[in-house]
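This is the structure I have questions about; it appears just below.
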Amino acid sequence: MHDIALIGAGRIGKIHAANLAASPRLRLTRVVDPFPEAAAAVAARYDARVSTIEEALADPSIAGVVVASSTDTHLPYSLAAAEAGKAIFCEKPLDQDLAAARESAARFEALRARLFLAFNRRFDPNFAALQARLADGAVGALETLHIISHDPAPPPVDYVTISGGIFKDMVIHDFDMARWLLDEEVTEVFASASVLVDPAIGAAGDSDTAKTILRTASGRLCMISSSRRSGYGYDQRIEAFGSKGMIRAQNQLETTVETWGESGAAADRFQNFFLDRYAVAYAREAEHFADILDGGAPLVDFRDGVAALALAEAAARSAQTGERVLL
Amino acid sequence: MHDIALIGAGRIGKIHAANLAASPRLRLTRVVDPFPEAAAAVAARYDARVSTIEEALADPSIAGVVVASSTDTHLPYSLAAAEAGKAIFCEKPLDQDLAAARESAARFEALRARLFLAFNRRFDPNFAALQARLADGAVGALETLHIISHDPAPPPVDYVTISGGIFKDMVIHDFDMARWLLDEEVTEVFASASVLVDPAIGAAGDSDTAKTILRTASGRLCMISSSRRSGYGYDQRIEAFGSKGMIRAQNQLETTVETWGESGAAADRFQNFFLDRYAVAYAREAEHFADILDGGAPLVDFRDGVAALALAEAAARSAQTGERVLL
Amino acid sequence: MHDIALIGAGRIGKIHAANLAASPRLRLTRVVDPFPEAAAAVAARYDARVSTIEEALADPSIAGVVVASSTDTHLPYSLAAAEAGKAIFCEKPLDQDLAAARESAARFEALRARLFLAFNRRFDPNFAALQARLADGAVGALETLHIISHDPAPPPVDYVTISGGIFKDMVIHDFDMARWLLDEEVTEVFASASVLVDPAIGAAGDSDTAKTILRTASGRLCMISSSRRSGYGYDQRIEAFGSKGMIRAQNQLETTVETWGESGAAADRFQNFFLDRYAVAYAREAEHFADILDGGAPLVDFRDGVAALALAEAAARSAQTGERVLL
Amino acid sequence: MHDIALIGAGRIGKIHAANLAASPRLRLTRVVDPFPEAAAAVAARYDARVSTIEEALADPSIAGVVVASSTDTHLPYSLAAAEAGKAIFCEKPLDQDLAAARESAARFEALRARLFLAFNRRFDPNFAALQARLADGAVGALETLHIISHDPAPPPVDYVTISGGIFKDMVIHDFDMARWLLDEEVTEVFASASVLVDPAIGAAGDSDTAKTILRTASGRLCMISSSRRSGYGYDQRIEAFGSKGMIRAQNQLETTVETWGESGAAADRFQNFFLDRYAVAYAREAEHFADILDGGAPLVDFRDGVAALALAEAAARSAQTGERVLL
């Protein structure tokens, strides 16, 4: 049983708190949040206590820290935790600034930090099964990849303004997925982006729709389709084409009920919300953190965070200039 | 190239004529029908000539006869053709009267008649593939079977009156399918039938909805679901449960197009009409007849017609009395 | 927040304990089990205390009792709890003896017992959605019903011996589902049962495979397919045919991954184990019990338990005699 | 009934001959082919006569000409037919040379040629239904498009050498489909192509795998995925994303049979060969030609042929230079 401090008691922090509580291997003992009521509510629900970051990091009983605070604090809190010798479970992204992320990576490296960067999709049972079978040769050598990632509905423009842009905020998940599945570094990026969903997003200087092509040294190709609004639910699919076939992960439906009538069949929509779709993934993240506390290596760490951010920057540049970007 | 005479130039006769014409192994040369215009139209379309039955059977160039006339003439025309030494392609059913069918079977037997009884579903590529894989042990030893056969819409009551009743007219297809797949004779029949679709069908002394259970000596069980109206297209499915799994044939949709929107997915309906669903089956029947003319054995013959009719009579009796019928 | 006592700390008791703990509306405070270690383990995990039944029922803070003990104790414990004025969450079945169940029903009635009989499938999101839409007229008036319920693998023969037989032990779930969906009482039962899976089950006097037809006064028909072993996972499906179409609930797959290769597609198997397939249903049962404690009426109670048991007895008799049983 | 001359009696010519024969509106009367045996075989099968092109074009009874000869003859034969006042059914592509195609277009225009350029996919019932519903607003305004087109197996290198390259030979179908569905001209093309399937294709100066992004003036985006070898059948799919949802056309399977066993489900592969997949499309092309002969306008003509070729050239250039190409 490992004692854990949670930094950030907002929406995603509460998810992690519940999963820590449900795990027989982890115990949430400290909760940190700038809003005392938020911290107090989570602490009360799970018999933990409200703390400052300093107290949490100074407490030798704390084995690990979950960083679920606002994006701009991910790096400083993670670095502080690393310096205190704690294992770190850091929400994505590592940071929005590539230079800062690179610099911090050097420090994590020097500290031999056990940092787990929580890209949730790697822990989705469907995508994880796809990756395992692909790596196992189920369809021969991978040649090309399609990643479809369309949100149900666009975020408020306020959020868009501070998000870092569609590539760093949203497509970064897919860049991480592409890197994981391609199993080879990307050498070229081309992206074409549009404002088709909400003119206000365009007015804020961002795009809401994009297609990106990644290319590796051996000629493997990956297409990523991104949209801030699907109109039909949360569309999260992957198709991997190999020398012997295709392996794909489809969406999950809300129920398996179908209604057949005069005009054909009606099926339920996809699971709509990322908290539903990735509920199991979040629970598995907690278990993976327990594995790390037991001595295991993180499946995804700060290096992956830097690499995904580099792809996001390249894609944003390509979309802006219309030029392919070489890495 | 075998010369063929067609008896019956109605809806189903025209289907067979087109398939004979499309086969490079068969040539339609004579067309017989009590309505001269019907016979003339089909003959003109395929460069054949209008004939009487006597002329057709007396013509030594005629190798085979397709009997697609009204149900009450299937037996006499088939017997006449058998006596003339022609191979016979007889539409289902052999007859509506079990005693008459049994008596004719003795004569067919004595004449060593090459009679192909055209139960179209055996030639559907989906059901044929299911049967082949089942026989091949794809799911181990067969244990139980579900056959679903729901028509899109009920026939006119006029038709119902002369149909012989739901079991002899409609479920007889499924009895043949059950016998083919069970690969063991049925020893017990229980049927429960209702009038739920159209009270006029009940007033005519028939039912429009039924569930039937068949049982074999070794305890294999088959459930047949029958309805004169589905409300959602032509529903023709089979599920076979074996010691190692399940094999099933699903319906075919009109197109593969799916529309996903706010409320979920919409797919197209099933192929609605038996002429669409079984278009390939009818073409395969013609090829099977060519095989028989080349010396092959019929996949299904008069014995199968008698056996299916015996099950239909037993089921009708069970539905009427509420008692299980032993065979 | 309602305080709950759990009677029975075995496999299913542990499921209920976890769901009680996860609900913000319920608190597990007492655990009863003849095996002290079993009770102690559950009590420790959820900060409850080990009790006797007498202590639990005498404790005025206990609002409800979960009866998850062995089948033969369901009735006496539920009656004792009813007499103590507690709300009851009783695992299915109410009892294996129809006369005893009927007698107890009279007492529950007299006591105005708030007894929730936990037929889990009514709480499965898929089946619940099917029922709601059916009741809503999504496919017009219900005409017939198919319920498929095949277990992944047969239980040990020791269990079969004390199970009450396939109809009372296993098909009873489907009788409850049929009653819920048919929305009309069953008046006739016909069942045909075989030993096809395991001869030892036959030697123990039971069957392992059955098809049952239920009929209502208005002529609605329901077919239930039962098998102790599917060979391909836990097969739990329902198809409801109405005057305007069909509504069905399909199985859930373990993942949405598909592999396409030279010989076609491979998809994952159905969720295999009832604890996976019905995990959400069990959680919803706990919420439903909280609703009852808040004053709601049980969705399913002792009357439903008696009625399902009556159908099970009728089906067992029909399978034995080969005769249809009228109710 | 319109009399038709067929130029080219090879594989695709035979398909068209059979469809002309099956149509009650068309009659094949002349067959032209440099190989006398090929012409004679087709002519004999359909009661037509072997001709020279000059004879066919000089015959006033000939209403239309089907040009199914080698690619380099499409333009000269179509121009000759146009000058003779015949309606033209021309196999794709119009030509491999963009300048030549443009020049011919001016002449077709001047001659007011009734030229139907037979891009078969527009006549596939699935894609045609998708287009109709999309145009009908089924998913709101179109935003982006995915076209997947993977051949089952690569052609022989001999063919690759004369094919004009993957973009002009294969992806040209998808460029036509994109133009049809986008309903707005493409203004930018970016393509990334690799040799992953067969090094011999690379040695011949061509690619076998590509991802292409098209962009229109309003910012609509289309991704095309191309592969000369799928390893799992003929993969032909389209997904269209609109402001209110997604509409897609899936592949057709060889049969609807599924086998469920210990390790999950196995379904049949996609229809493998373009002659199977597009059998209905070819038959519909013949009917469309009959419509044109009856006075209708071609759904797709020489202008579409030029436009698709222009996109193919742009994509080939982009793949070679790594630069986006503006049109």
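For clarity, chains are labelled A, B, C and D in written order, and residue numbers in each chain start from 1.
By definition in this document, a contact is a pair of C-beta atoms (placed from the backbone, for glycine too) under 8 Å apart; a residue touches a chain by one contact, two chains touch by 3 or more.
None of the values given here were measured: they were computed from a predicted structure.
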item	value
Winner on C-beta contact pairs when A-B is weighed against A-C	A-C
Most distant chain from subunit A by Cα centroid	B
Separation of subunit A from subunit C, taking each centre as the mean of its C-alpha atoms, in whole Å	39
Inter-chain centre distance, subunit A versus subunit B - centres from mean C-alpha coordinates, in Å	57
Two or more partner chains touched - positions in subunit B	139, 231-232, 244-246, 254, 260-262, 268
Residues of subunit B touching subunit D in the complex	22, 24, 125-126, 129-130, 133, 138-139, 244-252, 254-262, 268
Interfacial residue positions of subunit B with respect to subunit A in the complex	231-233, 253-254, 260-270
Subunit C residues within the subunit B interface of the complex	139-140, 143-144, 146, 148, 150, 188, 190, 192, 194-197, 209-211, 213, 215, 219-221, 223, 225, 227, 229-232, 235, 241-246, 322-324
